[in-house]
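Letters are used for the chains, namely A, B, C, D and E, taken in the order the chains are written, and counting of residues starts over at 1 for each.
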Amino acid sequence: MTAFPNFEWVQIAYALLTLFIVINYGMVMTAVVRKIGARVGGRYGIPVWQNYVDLLKNIALRSKISHGVMYYLGPVFRLTGGVGLLMFVPTIYGSEWHQNFSYAGDLILALYFVFFGTLGMALGAGESGHPHSAIGVSRGLAQVTMAELPLALGVFALSLQYQTLDITEIVAAQQGSIFNWTVFTNPLATVAAMVAFVGTMMRSPFDVAMAPQEIPIGPPTEYHSSYLALMQTNRVLFPVAKTVIYMNLFFGGATSWAEFAIKVFCLYMISVVIGVVHPRFRVEQSIRFFLKWGLPIGVLSILVV
Amino acid sequence: MTALTLVAAVLAVATLGAALMALTTRSTAIAVLSAGLVSLFASVLFLLLAAPDVAMTEAAIGSGLTTFLFFFVLGRIRREGSK
Amino acid sequence: MMLSQIAMALGFSLILLGLYGALTNRDIIRMIVSFTIASTGVNVVLVSVGYLPGRSAPILDEAVPVAEAATRITDPVPQALVLTAIVIGLGVTALMLAYAYRLFRARGSLDISDFTELKW
Amino acid sequence: MTTRSFIPLVLLALLGTVFFALFVGFTPDETLNRTASYYATQTVPETGAQNVVTAIIVTYRGLDTLGEVTVLFLTAAIVGLVLAQSKAPKGRSGSGFLPSGELLTTGTRMLVPVILLFGAYVFANGHLTPGGGFQGGAIVASGLLLMLLADPAERFSHRLISRIESSAGLIYVILGLLGMIFAGGFLDNRILPLGWFGSVFSAGAIPLIYILIGLKVGAEFSSILTSLEDTEDAQ
Amino acid sequence: MVSPLLILAAGLGAAFILGLLRGTSERPAFYVTIAALAAMSFVALSWVVGLVLGQTQPVEILTAGARPPFAINLFMGGAEAALISVVTLTGLLSAFYMRADLMRLGRRAMAVLLVLIMALSGLILTRDLFNLFVFIELIVIATAGLVLLSKDTRALAAGFKYLIVSQVISILLLVGVIFTYHAHGSLNIDDIAATPMAFTGASLATFLVLIALVLELKPFPANGWALDIYESAHPGFSALFSAASGTAALFAADKLFTAAGPAWLPLATGVGIVTFVGANLLALSQSHDRRLLGYSSVGQIGLVLLVVGQKALLGADFAYVAGGIVISHAVAKAGLFWLSGMVKGRTLSDWAALCQNPALVVAFATFIAMLTGLPPFPAFYAKWVLVHEFAATGQLPMLAIFLIAALIEAGVLFRWFGKAIKHDAQRSLTYHLSRETIVLIAMLAGWGLGWVWGALSDQGNVMTALPLLFALLFLPMDILPARVKNAIAMAGLVVWFVISYQDLDPLRLVFMIIMMLGGAVLFLASFHHQGRRMGFYAPAMIMYAGMALLLEAFTAFQFFAAWEMLTIGSYFLILRGKESEPHALSYILFSLGGAFALLAGFALAAQGQRIFWIEDLSELTGTLAPWVFVLLALGFLTKTAAMGLHIWLPGAHAEAETDVSPMVSGILLKAGLFGLFVLVMEMGHQRLYGVDLTHLLVWLGALSAFIGAVLAAFQEDAKRLLAYSSISQMGYAVFGLALMNHLGWLLAMMFAINHFVYKSMLFLAVGGVKERTHTRLMYQMGGLITLMPLSFVSVLVGIIAMSGVPPLSGFGGRWIFYNAIMSTDLRLPMVLVFMAGPVGFLYLFRLIHTIFLGQPKDNLRQVKEAPFWIILPQMLFVAFLIAFAALPGMILQRVDRYIGTLFGDQPLVWSGRIVNSAYGTWNPVAIWGVIIVVFVTVLGLLIWMNHNAQRVKQFNIVFSAERPFKPQTTHFAWNFFAPYRKAMGFLETPVSTSFWTGVTNALHGTAEFSRKLYTGNGQTYAVHLLLFVIAVYLISMGASS
């Protein structure tokens, strides 16, 4: 047996197709979300194709600035993390085309690969020598460590429930009826995981890690032009990829691209809605929040399985 | 027999008296002499106890030489202390 | 009370008296004097233990023929021991006196509580 | 009563109870125990000595006695050491606690030879009569002491004393070793014939050993006394 | 055979001959003295040889031609011959040692010395009670004389106090003797033992005799006088007083206790244990070296008295045990006192002067090891047997007290050793070639005795273990250049691996690879050192020897000996670090504490069996088994630094030298893990009060994993950070082991391998950085990536691997972890482990960020890449990590199969390079493939878009509208995770540190308070003495009624 079971070259094409769809979906969806947000706020908002414009503009821009090797590789890590995550997770249940390379590993691979991009980006930002980037990294890491905890607990509860770590099998177990979704069979685990979901989407109230960037001239300025292009790509890709995991684990997965679009959008909107109505937490506040709410729910979920 | 016991008892009382004197007196010289007396009484007692060898030794060494040793040292100390 | 018991009581009393003196007198010379009293007491105890009532000294002369020795003489062993003890006692006393002298020379004092630099 | 004397009092009272228990439990033997009766019956055949105590000291417990002599030897050496280390301030020597008058001086001159002779008699007859090396030695030493008192300026040859002391000790040890070779063991007195019971020259090596002990003890006592007496010139 | 009486005769005769010499002829007098002592030693030794070779039989020597009990008799047997040899040889060497002072004081002093040695021999030989008394008096008087050899005027007072006390003792003894005679009609010791008591006071008489002898042994607390003598006497004499007098007095006490009968043995036991505990406790607050030695002597003698008390139970082993301790103590204590004569100052840190002379340092270490009972010295074997006997006879409180006191003793001695090694010498050594020779003779004697005791042991001789011999070879080889030694050491490790790997099961094989081959790789870094590097290779190789032997240990004894060996070796290694003194001390204390727990555990398990096979642990049942489990686990957990027992680790690992840190972290910790492996493999689930102990272990592992990680995140010191990380990593491994399923064990193995590789690599990298920047504080660094790229690469790979991010090997560990916990019922501890994972990510990021990223500091602009030899092993590790991540099966598959045979299951299916479990899949090659392809594509994209980017100047950034001009303002590094600390800082509360500090302070406080007991007043000492007698009397009366 080789390392790549059932590997055929065509799978690369399939994977690229998945990637293409997801990127475009992400572009449009994030723009729509911003548009909705603006309209709610009584503003006109951006056009839905604005992301494409930004991306093309940044790709077209040229930069001569680098702060060093890791700085240069930072966005590469970042995007590799996003793409890789998508590749390691089956996107559409039952579709031969969109299983991607999920045979490389299981749920655990996805959970840990999330950190790949984070690490690379943090390293790259670190080398820029900009103190705000370091502060942002410090905050982000501190927060994410606690945010991941309820997820880990929820996932553990889930895999205990289904007695598998294989994402496809978990999705398969949720087919048949809407009541087979984990959200109904194991609400506690779902709540715990959703706490983590909200906490890691980099939206208010858990977006203080971004604060240093908001002060004029922070890492986004250090990372500009083509660097930024890569990061923008990731910024539309990564949340979707992550949402796909949640969808697969707790909301029955998607059997078609339409189902995919709706479910991802709804899940994404959860964090948006919460963000709109909640002010920003300081890092220690969010850590305490996760300890106070996420942790007990997660613990409860693994105990009752 | 009883006479012997009686003598011994008197001797014992005397010995104890000498010992008490040695402990209570203020003068070191008198203490030394009293201790020698204790030895001497003891050596008499040894004779009563049918131990002539011991009696001789106690008398010669215990009460004799020891007392002299004490006085030699006392003398030296007194001489040097006065300087 | 028998002879040996009187002697033994005396011996024990002397030991206790001597020790008491040695433990309460601060003057080094007086301590040594007390110790000699205590050792005299020990000697008395030793001899009194070996004494058999009514017997004579363990010397086999005309008074005590060899054949009757076993029934006539008192126990010679404690006497031999006491002889040794007396001589040893003298040795120790002499040594202590020499020490007392040296201590006096070193400090100009004979008070035992003045010699406590070494402690703890 | 201060604690200084109170604590020892209590302690000694408790020690007294130990002694009291011994005292109450003690009953004098009616007959000689086996060790003592062995000595009572075997002393004469085995050692030829009249004085059983002497026989025990010199022969049966000879090792003790050798140790005892060594104690004195040690004491003499150490007293010498102790006092030699501290040189007394120069000045008049002598103990000075008794004035030495004419009477004493004269008396001494007459008495000393007698005392020495008596001492020698005591230690040479130890196997026959009460007395022996230790007592004799003490007597000899007291003769010396008398001389010291009479004439504090009198100097004794430390060298002579120490030679007597050492040679006597050495011979003692050698006699003991001879016992191992020629008789039943270390310090066995039967290296010499037991002789006629009751005479001076009897009891094997006992008189010889007692003489040695007497000489040695006398020398040692003298050495201690003289050390205490005249330190400053001892060097 | 020459008659033993000649020993006495020679001593006495020579003493008398000295009197015949002229007062001024010191030189011949000295020769006479030496000749006599030599003759005495010769006779004693010839008896030892004769008895050992069986050419002669023990002999009873009669004196005066009469049979005992009518005349004094002597007895020469094996014990007597050996002890007299010790006494006379100590006398001979001490005479040489004190030559100058003996000559100064003249022939009288020599005579006193001769008589002392003679009397000590006599005390050992004689079988007569009163004769015993005479010899004791001789010893007392001679001692009082020899105290005067000291130039210290305070010695006078000490001598006088000694005389006072001796007077009281002799009064008690004489009264006891005469009543004993009255009771038994005999003075002969053997005869007394054979004769039944004749009157009621007999027991009282026996009590008086015994207590007098016990008092001669300086029992705590009636021993102030002895301490004063030790402190003020001439060191040459103190050597005698401790080694020779102590030995002889002990033997005399033993004779009498034997004669008194078994009913009296509890007295010895009680006094012994009180003395052992009390003396060692009080020694804690000593700062005067000789007084400390005095306390230690008292303690050791108490220990032997304790052994005497166990005589009836020890039976045939008694001579072996008591002899082992007595002789170890005699040699070591004599050696230490002799050493103290070469040190000018009197405080403990003045011993730093010894560092000028490596041979003396080795001697010092030898003596301390002998006293603490470390292998391969006699006391080690003795302690083994003694503890086993305690356990077999159910004297568990005694066992506990004994081990605790032994630990305190080790604390006292190693604290001293640390001070001597690490402090700067204020004053140089008073060097005499003759004195050094004497000390070295004692040291060699110590090693020789170690061999003898090993040969006599039925457990096997530690000294003949090839690895140990090889390690010891480095002591004489220390004069070679470091690189030559390094090559030899590496070769040694590899050769040992090659010759021994075939016999091992895969589990042991993996540990063997880590320890031997890994050790060899780590030695590559040591090539960096120029010069000789004295004192590095011998301890390092002793540590490796310990590990090599540990893996091949099949009996409890072999295991324990190997364990102690690796502990000592690593202690000396750790002690080499610059600021490592307190940390090395806490390391050795925790390690020895752990080792004692092991010892107790093995002893409990053995229950009197002579040879206990490790595999027999599995057959233990009943109430005993869980306790054995607890003790053994405690021992191993100390080594793996489980939370609560961890406080030694951060300092020890952080302060160690660059190439030592990976050894003690990457390799040494695995020894503890190996022990735990063996333990759970043999004993499995054990229940104590209804609690499954492996569950406790799971909790402990999880707690260590979590708290270790949190603490690591708060460190500013790079090496401390890594040290805390080790705690966390070992927590994972313990956790895995304790899950008690196949995958859990595989997880532990995976962590063992991974942790070795990346922790060694990281320690080397950080060490290399430290070599260049001369600091370990991370916030003082920054931006080193361009200056030290290779170090950066290894740290980068290290942290990716360690945090478990795919594709490196750490992920494999995580994957197995999830699969392992799927099949267990324990769920709550997982929470902690889940938390630990991301926190690990925190500290690792901090490590790489604050050192290599951010702004370079002005003062570090010129630093170069770390030295080649430090980089080289790192690169090997990087290569290995990548290979292991892609092909984990090359190692794990065999281990997995082996674990499968233990559990009888096979949860993992290895198909090609893919691993399948019941729950999921791990396809390392595919992971690599996907990641590499994506990464290269994206990188290509970026290069296509942005191919001529150039590096800009350092301060070409603007923040908050300011252009920075110095890096200090812009390198965000100190207190990196400030918010985290705000939220989770409560975990930093040093609970275990305060606990252990509390324990230490309590002990020191007790010591400081109790030693005021010794007022220095001779009268008070006499009061103590009587108080002691009365107390013992009342207690024994109470006990017997």
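Throughout what follows, contacts are C-beta pairs under 8 Å (C-beta built on N, C-alpha and C of every residue); 3 or more make two chains touch, one makes a residue touch a chain.
What you are looking at is a predicted structure, and each value in this text was computed from that prediction instead of being measured.
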Practice problem: Would you pick out the chains that touch subunit B and also touch subunit D? | Solution: C
Quiz prompt | Intersection of contact partners for subunit A and subunit C | solution = E
Quiz prompt | Taking each chain's C-alpha mean as its centre, the one farthest from subunit E | solution = B
Quiz item: Which of the two pairs, C-E or A-E, is linked by more C-beta contacts?
Solution: A-E
Self-check item: Rounded Å distance, subunit C centre to subunit D centre (Cα mean)
Solution: 15
Exercise. Mind checking the centre-to-centre distance between subunit D and subunit E? Centres are C-alpha means, answer in whole Å.
Key: 54
Quiz item: Distance-wise, how many Å sit between the C-alpha centres of subunit B and subunit C, to the nearest whole number?
Solution: 11
Practice problem: State, to the nearest whole Å, the distance from the C-alpha centre of subunit A to the C-alpha centre of subunit B. | Solution: 107
Quiz item: What positions in subunit D touch 2 or more of the other chains?
Solution: 8, 11-12, 15, 19, 22, 26, 29, 33, 35-36, 39, 51, 53, 61, 64, 67-68, 71, 74-75, 78, 82, 85, 130, 134, 224, 228
Quiz prompt | Touching two or more other chains - residues of subunit A | solution = none
Self-check item: Residue list for subunit B, restricted to those that touch at least two other chains
Solution: 52-53, 57, 61, 65, 69, 73-74, 76, 80
Quiz item: Chain pairs in touch?
Solution: A-E, B-C, B-D, C-D, C-E, D-E
Self-check item: Interfacial residue positions of subunit C with respect to subunit E in the complex
Solution: 15, 19, 22-24, 26, 28, 31, 35, 38-39, 42, 45-46, 49-50, 77-78, 81, 84-85, 88, 91-92, 95-96, 99-100, 102-103, 106, 112-113, 115-120
Self-check item: Residues of subunit E defined as touching subunit A within the complex
Solution: 783, 785-786, 796, 799-800, 803-806, 811, 814-815, 818-819, 821-822, 827-828, 830-831, 834-835, 837-839, 841-842, 845, 848-849, 853-855, 911-914, 917-927, 929-931, 934-935, 938-939, 941-942, 945-946, 948-952, 954, 956-961, 969-973, 976-980, 982-984
Quiz item: Which residues of subunit C touch subunit D in their complex?
Solution: 2, 4-5, 8-9, 12, 15-16, 19-20, 23-24, 49, 51-53, 57-61, 66, 69-71, 73, 75-77, 79-81, 83-84, 86-88, 90-92, 94-95, 97-99, 101-102, 105
Quiz prompt | subunit D residues within the subunit C interface of the complex | solution = 4-5, 8-9, 11-12, 15-16, 19-20, 22-23, 26, 28-33, 35-37, 39-41, 43-44, 50-53, 56-57, 61, 64-65, 67-68, 71-72, 74-75, 78-79, 82-83, 85-86, 128-130, 134, 198, 217, 224, 227-228
Practice problem: Using the touch definition up top, name the residues of subunit E that touch subunit D in the complex. | Solution: 3, 5-6, 9, 12-13, 15-20, 23, 61-66, 69-72, 105-106, 108-109, 111-112, 115, 118-119, 122, 126, 128, 130-131, 134-135, 137-138, 141-142, 144-145, 148, 175, 179, 181-182, 185-187, 199-201, 204-205, 208, 1023, 1026-1027, 1029-1030, 1033-1034
